[in-house]
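Next up: the structures, one after another.
Both complexes below contain subunit A, partnered by subunit B and then by subunit C.
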Partner chain A sequence: MLKRFCKRIIPFVLSALMIFSLAACSKETAPTDDKTKSESTGGDGGTAPTTEDKAPKEKITITYWHIFPEGDAFKPVNDKLVKDFNESQDEVYVEDLGISFFDYLSKMDTAIPAGTGPDVGFNGLEDNAFRAESGVLVNLQPYIEADGFDMGQFYQAARDYVTHDGGVYGMPIAWGNRILVYNKQMFRDAGLDPEKPPKTLEELEAYADKLTKIGANGEIEVMGFHPALGNATYKDYLYQNGGSFFDENDNPTMNSPENLKTLDWYVRMTNKYGAKQVQAFSTTAGSTGIDPFLAGYVAMEVNVNDFYKKLLDSGIEFGICALPLPAEGGVRGTVGGGFNLEVFDHGDEAKAQAAWKFVSYMTSVEAQQYWVTQNKWPVGNQVAMETCEELKTDPNWQVMMEELAFAKFEKFIPKARAWWGALYPELEAAQQELKTPQEALDAAQKAVELQIEDYDAQN
Partner chain B sequence: MLIDRRKRKNSGLRMQTKEGILGYLFASPWLLGFFAFTLFPVCSSLYYSLTSYNTLKAPKWVGFYNYIFMFTKDPLFLKALWNTAYYAILSVPLGIAASVLIAMLLNQKVKGMRLFRTIFYLPTVVSSVATALLWMWIMDPNFGLLNTLLSKIGISGPGWLSDPAWSKPSLIIMSLWTVGGGMLIYLAALQDVPESLYESASLDGANGWKQFFKITLPMISPTIFFNLITGVIGGFQVFSQAFIMTNGGPAYSTYFYAYHLYNKAFKEYNMGYASALAWILLVVTLILSLFIFKSSKKWVYYEGDQR
Partner chain C sequence: MKSKRKRMIIKLISYLLLIFFSVAFLFPFVWMLMTSFKSNVEMLRPDFIIPKLRFENYIRAMTVIPFGRYTINTLIITAFNMVGTVLSASLVAYAFARLRWKGRDIWFVVMLATMMLPSQVTQIPLFIVFKNLNWLNTYLPLVIGSFLGGGAFNIFLLRQFFKTLPNELAEAARIDGSSEIGIFARIFMPLCKPALATIAIFSFMGSWNDFFGPLIYLTDPNKYTIALGLRAFKGYSGIQWNLLMAASIVTTLPSLILFFSFQNYFVKGITLTGIKG
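== the complex of A and B ==
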């Protein structure tokens, strides 16, 4: 009797349990209540945990994902701005989540298609166009007009990244372009004037020769200048030579004469002191995980301006100057890049409005000045930069701000999104002297043309 | 009436059927997981492979376009396949040889053998990322351990990972570091070889080499077969070394198939094409596995087999 009972009852209980557990699973994904909301916010350990009365029910809660997890150097500033915003008004409550940069991309990549992404994201300027074009972002133009927000206060190039077909799909927050940093002590040791950094590419090369130190066995100990060490690539030098990757009609121009001239120079500068030696040298310089300039491997290097904070902390006697230009026909300004705050379209007008409130606060002059002075990381708001007292008194900031005004904008090419991925290995092949610059660029041109052909065939 | 129906119901479901249902119920947690997290993704990847899909817009049906593009236009497809085959064809046999050799050495009756076995197995426990970072240091051209040792005997070592001619061999050498896993399996197999076979062979005057080739090797051939199959499958999926250490470079020399797939999926957001690549990889490994299975009749010896 008992046996039979067990036989009948156990399967029933098991299946009931399963159904319940499934139901419980789906329940958990339902919108969270106020209690969990206030738990995950803020994150700056110093202050007491925010209580529920700070997030009353009539407030609209929006989520904000960014790239500053616990322990990140830029986290305190971001936290403070979010906290200030939450306290400054009582209509919108921002719940933020910091995710480490690499996880952030994969999390975004899966969350956006699944529709579980945040209301506001701290995303790359360079690929804003991709998301805007795909229709996942809110066009902020109506809000900008309604509020009378002046987009003219942003740097032109930063604005260009987020403007598509007259719509605005993001607010530039932190960005930058490239500068040349040099080691003043090494300049002195080589008999160069530390107050006179190179102005032309020809000078750069002459200086590099003087600054380079070769060891007894022919190995390179210090390299005066390596065009790809630091935070620079071929593209930074290409624009200075008046070259471009695409023409006005978005046709690739990978192997144009300007591009060839740049790559010739790039390869020559790389391998000046022996291709094998430089290969070994750059592997060594890269393997320490420390920036080659900070580690004393190079005397001059091209880097981004948010490198400034590390320079200040390094104790190295450094100088900052604009990138040297070709003596003839040089075009000033390097490519700008960075981040913007994007509002994701979840079909909820009230949330979009609330998100606009937040992003316009974060990119306002006041918030941006706090950002740049604390983080030493340039912001998109040009007015904020130029009216900031602290920056006015710092000659290094003056150099960087002058360069930022010349920053270039790199157009997004939907048909050849991965053009850089196709070009980069060819540049490497040229640097390794496996291909001549001409062969490498011809191969890149072909590869990009193939991407476009592929895109056209699929769309 | 009620009792009657019950009776009929009871007799309707036979004991075997009931036990079957119960069995499936107990297996259901795994089955659910399998359907939701394995079978469903596998089937949807087959569907995506026939579409153009960038994750943000809805997938667009393109038929066999991705497959046609792969075989007729994509220059990196063949390159990646060749790099991967090069890696697998060299690293798998070398790995087997090395692990059999180490297993033989560790099968001796010497004091402290347990310690040695642990030491040789240890690298397998280390995560592949940590291993990769460690080997980047070992293979550093200037101050790396490898080149320092080579320079002591008067050889100026190559640039290893930074040299396109040496990057693939470097990764193969590195793969030998984790032969401990295979070694453990061979060790178990070696201990299963009956001592009596060696005894009678030595009575018959067979030397060590003969014993190895005529007794040991045939007796552990099923284990070799197993390691060969798993090794080839694993070898064709090589990814983390290229991802962490070389980024597929220099100049595409370590651009492996799985890395190509990753690039297409997560760099270019071309999920449709990446799915197609995954299916072709499955076909390639399937063909190779079948080939190895067929050939196994010729060289794998099963005890008690009638042939």
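== the complex of A and C ==
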């Protein structure tokens, strides 16, 4: 029976494959015919196809790689901006390509050494310095000066990320820092005032105790607060305690008293409600990528401000506030991070000029206001944020904008570029109570000092 | 009587063991199927109950990304790879197994050594080669390898198979006046159908599921494959597990159909070559 089935099915499958391949061959030889063009719209409905209009020959075509592939929630806004730019131009044409965020760097890492990278990339702000230093980016300063483009319109911290040795190596497009989100209904159920979120770390802990719900079998049903759930790590609480990783002279300060105070608090809060269950909880949340606040497992969590779009879509009655500070000696502001548009240096002045036109358009007040209102994702252009009428009427945006003004910039340390890699395992060891916070930070300090020694010995 | 009961008990134990392992191996697939019917939030709870069968997940998964186009693209690449691998790997394997030529064994070892090279090492040099050939953003880098030998593992597998076939067959044919290519095509190829089916299946699986190749070589979304398209559900704006699983289920179907179609040959291939798949 199976043999007969195989006999019938194999020729069928093989012939089907051959027919498909032949059809495909003929399709490949004529990629610009009308049929292929109409196919390129795909099933996505509203989003603009990337290859809809072919660039007329006299225009300079530049390529733009970003992290919004077909189906991504942020793609329509990015598409619209690219389309508007192309329509407004008679000199430049942008061809864009969306690659999943998790694969973007793999593709870049192969393309850049081979010289086939894009003209413009949607890259991380935090590692802009690394690419600038390695010489693959165009210094935009001459274009900025020639156009009289005002860099002062960007948030200071965002600007700091892309400015190195007087040169500007990227235009901050979308970024943010941390906020505390809380579930108003859970506040009410616990007898707390939903309009009065915690302001100090002490209040945060007291609220968390009230909000934590333990089921009949002793398992946690709802956790009041956990410092690592959401989108936060030790570093997001460090600056508020007045701590830092390096001093002004780039010497490591991993085990300073402020850092120790932060880690003491962080470890205590991490393990407060039973380390094992918390670990299972955060592993599930981490590996599935599903946010525990949205799933109703935590009442308060720290997250980035581009989380706002998901909050609005969730149907949860939520509140947003600044991260609580220590009652004594608190320093306002969390570390900022996000993305910038970088122009890659292919030794082609005309393309670099064309790419500048595109990146300056994408980070202009008008384009940035479209981005923030549609994507609910803060932008690097402070003027765009502060003059946007829609944001003025939204109290949540007011809270976020106030926080953004205090965003901190994390300096790139060439001598110890892998410092986080040295610190992270120590933080894990402290959380798992394999080491005391003091031991962990001392070990991290030593490891970073060693990195610097190695660097000095080699350079 | 006693031995009958003993046999029954052994049978029962082996069946129980088989059932246990089947369930264990099927579990990920069942989980995938269940997740494909849930909402994204329900997915977080490790329940076996599906509150509501959400068939719309399948419709959304098929329409959010241009699934049809990706399927056709993947089929093109897969078909060329299957044909190329079967044709070229068998020719090379035949030469290694049945022909006598100078340095044959040394070249065989050199070929086997290519299996030891991690793909990360060859990634950038290969990319630069294809760039210089002006083949980037075409399917050529993804299929050409299968026409140039089809991979060391496939050659090795077929060579071992060819070696098991009796020499008398070739000699008889030679006496009857057959050429070497005639012996290869008319006698040895039909005899090693199970092994050919095995490498065809390996080649299908490899190129159907290949993610990294299309990721680095293709820059036109119209040429994307399914494996690449599925990544749309895992992005900066979050992971849509339910849609990802629904699309993955549909993507797995051709592999399943092909496996069951070739199963007879496939199992034979494994037993005859002594290589576990």
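One rule holds for everything that comes next: the second predicted complex is superposed on the first by the 394 of 459 C-alpha atoms of A that agree within 3 Å, B and C clash if a C-alpha of one lies under 4 Å from a C-alpha of the other, contacts with A are read in each partner's own complex, and residues count from 1 in each chain.
Convention: contacts are C-beta pairs under 8 Å (C-beta built on N, C-alpha and C of every residue); 3 or more make two chains touch, one makes a residue touch a chain.
Only a predicted model underlies this, so the values are computations on that prediction, with no experimental measurement involved.
Colleague: Report for A:Arg131: first if it touches subunit B alone, second if subunit C alone, otherwise both or neither.
Modeller: first
Colleague: Give one of first, second, both or neither to describe whether A:Leu294 is in contact with subunit B, with subunit C, with both, or with none.
Modeller: second
Colleague: So, does A:Lys310 touch the first partner subunit B, the second partner subunit C, both, or neither?
Modeller: second
Colleague: With both complexes overlaid on chain A, does A:Lys59 touch subunit B (first), subunit C (second), both or neither?
Modeller: neither
Colleague: With both structures superposed, pick whichever of subunit B and subunit C touches the larger number of subunit A residues.
Modeller: More residues of subunit A are touched by C.
Colleague: Tell me which partner A:Glu70 touches in the superposition: subunit B (first), subunit C (second), both or neither.
Modeller: second
Colleague: Classify the contacts of A:Ala111 with the two partner chains as first (subunit B alone), second (subunit C alone), both, or neither.
Modeller: second
Colleague: Where does A:Asp103 make contact in the superposed view: on subunit B (first), on subunit C (second), on both, or on neither?
Modeller: Touch partner of A:Asp103: subunit C, not subunit B.
Colleague: For A:Lys199 in the superposed arrangement: first (subunit B), second (subunit C), both or neither?
Modeller: A:Lys199 sits against neither subunit B nor subunit C.
Colleague: State which residues of subunit A lie in both footprints, the one left by subunit B and the one left by subunit C.
Modeller: In the superposed arrangement, which is not itself an observed complex, subunit A uses residues 10, 18, 106, 113, 284 for both subunit B and subunit C.
Colleague: For the complex, which residues does subunit A have touching subunit C?
Modeller: Counting only subunit A, the residues touching subunit C are 2-3, 5-6, 9-10, 13, 17-18, 20-21, 23-25, 28, 31, 36, 39-40, 42-44, 50-51, 63, 67-74, 97-103, 106-107, 110-111, 113-116, 284-285, 288-291, 294-297, 309-310.
Colleague: Under the touch definition given earlier, write down the residues of subunit C that touch subunit A in their complex.
Modeller: 40-41, 43-44, 62-69, 72-73, 75-76, 78-80, 82, 123-124, 127-128, 131, 136, 138-139, 212, 215-216, 219-222, 229, 231-239, 241, 257-258, 261-265
Colleague: Quick check on the complex: what are the subunit A residues that touch subunit B?
Modeller: 7, 10-11, 14-15, 18, 106, 109, 112-113, 130-131, 134-136, 219, 276, 279-284, 287, 417-418, 421, 425, 428-429, 432, 434-435, 447, 450, 453-454, 457-459
Colleague: Of all residues in subunit B, which touch subunit A in the complex?
Modeller: Contact set of subunit B toward subunit A: 18, 21-22, 25-26, 28, 52, 54-57, 60, 62, 65, 69, 73, 75, 136-137, 140-143, 159, 161-164, 248-252, 255, 263, 266-269, 272.
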